[in-house]
Every structure is written in C-alpha cells, then in structure tokens.
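Just below sit the structures, each encoded as structure tokens.
Okay, so chain A shows up in both of these, paired with chain B first and chain C after.
Up next, the complex of A and B:
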C-alpha cells in the first residue's frame, strides 16, 4: 500500500489547497498551474512519449479557446459546452493535419506544426466577421469566486494526467515509445506507425483543446495574439514539458508549477519584494530595476531553455536521480 | 499589365534578399542537420548594429556591412561553439534539443534587444530610402535595387567560396556525409562553427541591406525566422541553389498575394505555399535542380 500514497496525498493537498489559500491571487495562479498541467500532459504524450515534437501547441489551444468563445458569442450557448466540444473539434483539426503531415519526420514535422499555429493565428486575425479579429471576443464569466474554476481546472488536470498514465500503461504506450526510439524498427516490427502517431496526436489535441476552452471560460476574454501566441503558449508548453521532464507522468505537473512561478516572479518583481525594498530604502534606481524585471520574464524563459537543455536534458523529474546524487555528493564532498 | 510587371519586379527584388536569408539557413541546415530558429533574430541583431552605427556615427547603412557581417559571424561562432556543439555530447530523449536551443537563443536575443532599445519602432532614413528610378514605366526602388545587387554579389561570392576554396569544400563534404568527412581528416566540429558564422554573416548582410527600406523593432526576428524556414523548405533542405529559387518564389508569392488578394494575406500566402510544397513536392525545388 506504499506505492499509491504519493499521488493520493498530492490529490488531497490539491483538493484542500484553495480552502487554505483564500487569497484570490494565489488561487488564480493555481488555476493557471492546473491549466498548464493539462497542456503539458498533452504535449508530453505526442512529443515526450511518441517523439514527434509539437511546436504548435497553441494551434489546438487557440482552437479550443475559440470554439468555446464562438459558441457563446455566435450561437448563444453556454461557453462551458466548449470544454467537450473544444476538445473534439481540436481532434477534428488534428486528424487531417496528422494524416497529411506525419509523412514528415523529426524537425520537419515540428516545423509543420509551427506553420499550423501561424496559419490559425492569421485566420483568426483576418476573418473578422467570425472572430472580430484583433478586437477579440468577450465571454461573460459564470462565477465571481475562483473556487468553481479551480475545481474544474483540477478535474481537467487530473483527467489529463490519468489519461496519459492509462494510455502509457496500455499496449498503445509501448507502441508510442517504440516509435520514439526507432520509427523504422517499429514499422518493421509490424506497428502501423502512422496509425499510432495519429492516435497520440489526437489524444494530445483533445487535452490541449479542453485546456483552451477552460482558458476562455476562466479568463472571459480571448484574442488571436494571446491564444495563438507562439511564445506565450507554444513555447511555454514545450518548456513545461522539458523543465518538468520529457516522457514522465508527473513531469508536466512539476514543470507547470515551476514555469508559472517563474513567470509570476518576474511579472510581479519577486512577488512585490523588489517593490518593498525600493520603498523602504528609497533608492531611486529601484523603480528602474522593477520595470526591467517585470519585462524580463520572456528573457528568463529563454535562459531557462538554454540552461535546462544543457544541464538537465531530461527535465527535473527525468533527471531526479542525477540531481539527488549531486546534492548528496555536494554535502559530503571528500570521501 | 503595368500592375503585373510592377508586382513582378517588386517580387524579384525582394526575392533576392530573401534568397540571402535562405542561403545562410540552408547552409546551417545542411551541415548541422538542424533548423536554426534564431535566424531571424540574428538578422535583427545586425539591423540594430546598423541602426546604431548610422544613428550615432553617421555611417551610411551600406558601409556598415563591413562591421555588421563580421560581428554576426563572431556571434554565430560563439553560439555554435559554446551552446550548440556541447549538446552533441548530452544524452537526452528528444532529438530536437538543438532546435529547442535555438528557440531559447532567439528569445534571449529578442529580449536583450528590447532591454537596450525598448519596443519602439526605429528606422534608418537615408536620402535614397524612398527614391526610385523608372525603366519603361516600371518603378525600381533605389534602395531595393542596390540591396538586390549586393545580394547577388554575396551569393556569387558564397558559391565561389563553396566551390573553389578548401574550407568551402570541407563544408560541402560535412554537409554530404559528416562521418565520411571526419574519416578524411576534416574536423567537423570546427566546420560547424565556421558554417554557423557564415550563415549568421549572410543573414546579417540581408538585415543591413533591408534596413533603409524597412523598420526595426525587437520582435522583427520572428517573422523573418519563419520566412527563412519557408524559403529553406521550398528550396529543399541543404540545397544552396534551391534556396535562391525558394527566396524568389516567396518574394514573388508575397508580392502577388499582396497585390491581387490583399495586404492582410501577404504572410498567409507564404505559409500556405509552405504547406503545399511540404505535401506535393517533398524535398522542395532541389528535385528539379539536381545540384
């Protein structure tokens, strides 16, 4: 009975966390973390496990988000229907895309997904009669309190992790990993690689699409620049995946937590610490520093990518044994 | 008819510059086997160098080529030597690590530029920026024509370098078969460093040449990175002749798209062509050139 206790404790912690942390700001951050867990899990399935790097997670994310928003703004249906529909329609996009583009391998596939992302962004910007272009779409939020959103986000995050876990324990999981390790060998062992890559991409698109619809419901406002953003969504999804650990179940959880924390630390100037120092000491150059730091979160992302790839190529969860070893060694250096 | 010819001329002139951007990318692709997603950002850095030299030292944008190209060569060399080459030895699950690394480098370069110059649009205004001459009723922008001339000259020099010099031959050898080249005594690590430098230097030239007729802001790198990989894929990865065709195709497609479909569609046209080429002519125009 010792094995499942870790995830179980984590679940209980996540369930009661918003009841302890009553501050709306921290609840907001937790919702973002959970949303990124869903996106990261989706990314991890196709990229980390199946080895087909997805550079355009925002294509599916934005598609889910726009599905939810258009349901409410054009059809007058509650945007919550966007959760299942956004996921399903993302799959409907992923299917033909994968069918066509999975004949490309490695970096070429990654670039095709990048192009898909860009194409959707341009379409959402240009097709003003449907999407209102750069003005974006406003959706009325259902709840004032953050709690309901938190639990919906938690349910989606758990759903994503459980889905990926179940898939990876099944026969499909072994097929996916074999495709990642050596596609030609997998093919010659009788695995229909196109079929299983499609399957993996569709599940990923479904999870990412749901997360997009959640974003619309929670934020209440979307525009093409945000939901189809290369830096804020696609790159962030990759970061969540690789910082946490490529090809690990809990990697996206760790990655999402770290990435949202990094983003917020920079955006808020170390949660207001810099601001406090500036006020209490009255140094005139402090406000300049605060301004720079608050603009530096993309820079920190870039540096983080470089550092993580160089030193922790398999992420924090993937290289955990390595990290632990070096920590233990540094405590007692001379043996 | 005039509109058609005018669009054609504009497309070809722009295509010459695009070819220059694509050439650097395709060289890197051929030798390293990776797509350099920081390519447009290299260009952005070169444009800022030109801007600073023009603005504070009063140098003509075209003379700044002497400074911007070597600086970017150095930047490319340093990045390859200290960031990309070490990755060869790192064990990881994802093979696309190096591509991800270039994405990280791109973000860092963009943000550093934003720190120094803020997000404002800058431009270099010279006497010839908006002047044009006429040939048979078709207007040729002076700056664009000069840029096209420089682009042709640099392209020819590159081909001379690749075909005639020892270093150029080594680069081609590594790009054809890195292992065999190593067996012949070529230090492929060094060749990679040099290639990255040359690629960065070429795109720096494109940036500097483009600046008198364009504007400049930190995020300009992203769109040009995308254009560069569209050109590279159009031309066939690793093919230098293909990159010239790819650049011309993209230039023509964009200018015809802008004239006949609408300005909004300029970027979309390129992306759609990119996907169509991926689907119907995998391998790009390289197929037709046999080079």
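Up next, the complex of A and C:
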C-alpha cells in the first residue's frame, strides 16, 4: 500500500498547486515544467528505454507546434485541434524517418535525428509562403488566466507518464529494453528489432508532438528559431532525461523540474538576487556579472551534465537510493 | 525429407571464402556436433543458419521450408534458437526478465510468459540466480542463461555455440547433463564445441570442418580416427 501512495500524493499536490501558487510567474514556470515532463517522457521512451539516442526531439516538437499554428493561421481552425493532430502528424514524420534511419545504430542514428531537426528548421525558415519564415506565426491565446493552460499541461504530463508506464509494463516494454541491452541478442530471441524501434519512436514522437502543440497554444507565438532550436529544445530534452534518470518512469518529472529551475535561475540571475546585490552594494562589476550569468545558462547545462554523470550516472531518480544513503549518513556522523 | 538441411552454402567476406560449399543434414531429435580448428568457419555457419549474415550462395532448409534469406527474428519464429559464443546477456535486466523477454515470443499474456520463463529457468537450474542482474553472473551461469533464453523461445532446433568453453570440470558435467536433458525434451541440437569430452559423449553424429569445407562426416568414433581430421588438428607430422 505504500508504493502507490507516492504518485497519488504528488498528483493531488499538482492538482491544487495553482490554487495555492497564485503568482502568474510561478504558474508559468509550472506549465513549462509539465510541458517538459511530456517531452522528457517521450525522449525517455526511445532513448532511455529503447537505447536509440534521440538528438533531435525539436524536430517532433516543432512539427507539433507548427501543426497547431498552421491550423489556426491557414485553415482558421482552433489551434487546440493541434494537440491530437500535432501528435499524429509527428508520428507521420517519425514513421518514414525511422524506417530509413533505424538501419543506423548508436551514434549514427543520433546524428540522423540531429539532421532531421536541422532539416525541419530550415524548411520552416525558408518556406515563407506557408510559415512566414523567421517572422513566425501569431496565434490568439484562448485564455487570459494561466489556470486552464496549467490543467491542460497537467493532463498531457499525466497522459505521457501513464502511457510510458503502461507500455513499459507490457510485452513492448520488455522488447524495448532488450533492444537497448543487446540488439543482436534481441533479434535472435525472435524480436523484430526494426519494428519495435519504430513503435518506440512513434510513441515518443506522438508525446513530443502534443507538447509542441501545447507550446503554440500557450505561448501564442512560434518561430523556427525557437521551436526547432537545437539547444533550447533538443538538448534540453536530453538533459531532462539524463538529470532525472534515464530509463525511469518519474525521471522526466524530476528532470523537468530541475532543468526549468536551473534555466530560470540563470536567466534571471538567481531570481534577481545578483541584481539586488549589485544595487545595494553599488559594485559596478555586478551588472556585468548579471549579464554574463544570464547569457551563460547554456553553459550551466553543460556543467550540470558533467556533475550528474560524475556523481549520479543513473540520474536523480535512478540513483535515489544512493542519494538517500548519503543523506542519512551525513545526518548522523557522531554515531 | 530432412528435418534440417544445409545445401552447398558459401560465404565470402571480400575475397575470403569463410564457408565454401558446406552441406549436411540433421535428423529430428539428434545431436549434431560441429568441430574444426579455430577459424575453420563453425561460428560463421551458425551465423548463416541464424540469418545474421546473408548467404553468398546455397540454401538452408528447415522442416521442408527454405529459411535462408529470412531475417534473424523470422528464423527464430520458425523455431530455430541460438546461443552466442561470446555471451550476450541483457546486462541490466534480471535473469528472470531476460528469459521473460524471450518467452513473450510464443506466450502473450504476461502471466503466461512469466510462468514459462520460471519453468525454463528451473529446467536449466538457474532458479538460484533468478532475481540477480544478468551482468553479475559468473561465466558458467551466463552461458547457461544463453541456453535458457534460447529455450524460452521454444525452438525445435537449437544452435549451441561453445556453451562448454571456459567451464571447470564440475560445471562441464552439469553442462553435458543439461544438453542431454534438452535433447530428451525433444529438441534437436547442433553444437559447436572444442572440448572433445563433450562432443564425444553427446553427439549422434559429427561434421568436421576445416578452411570452410567439410572434411569428414559420420559417427564420433569414425570422425576422430579420420586422417584428414587429425591432420587438420595436429598437422602433417602427427598423421596416423
């Protein structure tokens, strides 16, 4: 009885959180966290569980985002239809891509996904008659309050985690992990590795595509530089997966929370603390530091990854028992 | 009609003929030993049967059906299981999960797959290690896990690639007993082995290979007294 109560308490907390946390800024951050839970779960399924590193999550994210935006700007249909449609069309991209590129293994596949990412970024930039290129697409937001977006994002995050959990408990899950551990062994166990890798990629693309459509609806504006961004989306997806814990159900949740927090701390200079110090002390070099710190958030990602890989190679969720042990030990050094 | 038939198979790696016109047949329910010096092409033959490499020429038939040209997983679905000489355990999974993953091939609801996996693990004597992570196993148990995993796909023919190499005398006895037990359960076996004790005690007939060609076929006693075989293993000077 103790096991299921953890996720349940978390769910209740997330449901009432926006009612306690009334500040729109923190609600905004929580919506981003929940969006990243969906992207991280998708990344985790193909890369964490199936072992096929996806370096171009932004390809599916941006595709979902553009689907929603184009529905609204070109067809005059509500961008909310982009949620299911963005997911489905991302699968439509993932399918031929996987069929061709799953002949590649390991880093070669990862590079192919990176190429897919760049291809879509360029298409979205150049095809101006459709996407308005670098000008981007503006979509009218449906709600002024952040609450509806929060609950939609929460529903998508829950859907992602439940989907991955269900898949991993089934036969597919065993097959995905077998493929990760040894593709040749899996093949000789009668597993059609191409088929199951495709399946895994399609589910991932679906989840990431939905998250992309959510982004369009919530932000109300997209351009190729943002939604097909290599470091804002593709690398961030990898970081969410690695920091949280590769191949764990709740890893993306923890990873999303930490990564959004880290990004925000750097972007705002420690939530304005640096700015405050700068003003109160009057040191002239502080303003310079603030500028560098907020521009260095990508650098902070790199440092964080090095720290995580050195000390917690299985991520925070994967090495939780290790973390707990060291915390318990440090609490009672006198014994 | 032959149960399993290899007909004039040829495999070139670039200009090198690794397997050059090998033909043999295996009857249902027997143990066929495949012997030959290092580099003679035994494992390559397994990789060809298994579909890991495509054939350059020739044909492989299993239960009157051509299996050469099929993909590895399709060949496994037809009922040909294999183990690897260099063991390939699914390292970060438990022994039970390793076997469940392959039991899923013919047993769909998860509970059925688990039941079959547990039975197979017990059959192979790995119950003790059931919940251990596969990479923590000693080599003898890893080789046993290879067999267990192949058996869980419920093959009609199993290819055992040096499952006794690197075992101590006691483990060797156990391995021989297990192979006999597999045969007694009605599964046909083709085994590649260097340890003569194993091959002599269990094989019904032996195919000896050198430089990718068959040099002798027949009962174990016939083959080991064959001058070509002795020459291949010991060289001209020791020719009988």
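Points worth noting:
The working rule: the second predicted complex is superposed on the first by the 327 of 335 C-alpha atoms of A that agree within 3 Å, B and C clash if a C-alpha of one lies under 4 Å from a C-alpha of the other, contacts with A are read in each partner's own complex, and residues count from 1 in each chain.
Keep in mind that, in the parts below, a residue touches a chain if its C-beta (ideal position, glycine included) is under 8 Å from a C-beta of that chain, and two chains touch if they have at least 3 such contacts.
Here the structure is a predicted model, which is why all the values come from computation and not from measurement.
After overlaying the two complexes on the shared chain, residue contacts for A:298 are found with chain B alone; chain C is out of touch. In the superposition on chain A, A:115 makes contact with chain B only, not with chain C. By the document's definition of touching, of the two partners only chain B reaches A:313; chain C does not. Once the two complexes are laid over each other on the shared chain, residue contacts for A:51 go to chain B alone; chain C is not touched. Counting the residues of chain A that each partner touches, chain B and chain C differ, and the larger count belongs to B. When the shared chain is aligned, chain B comes close enough to touch A:242, but chain C does not. Look at A:178: by the touch rule set out above, it reaches chain C but stays clear of chain B.
Applying the stated contact rule after C-alpha superposition, one finds that A:104 touches chain B and leaves chain C untouched. In the three-chain superposition model, chain A touches chain B and chain C at no common residue. By the touch criterion given at the top, residues 47-48, 51, 53, 100-101, 103-104, 106-108, 110-112, 114-115, 118-119, 122-123, 125-126, 180, 230-231, 235, 238, 242, 246-247, 292, 295-296, 298-299, 301-306, 309-310, 313-314, 318 of chain A touch chain B in their complex.
Interface of chain B with chain A (complex): residues 34-35, 83, 86-87, 90-97, 99-101, 103-108, 110-112, 114-115, 222, 226, 229-230, 233, 264-265, 267-268, 271-272, 274-275, 278-279, 282.
Within the complex, the chain A residues that touch chain C are 169-171, 174-175, 177-178, 181-182, 184-193. Of all residues in chain C, those touching chain A in their complex are 50, 52, 71-74, 76-77, 81-82, 84, 88-93, 97, 100-102, 104-105, 108, 110, 113, 149-150, 153.
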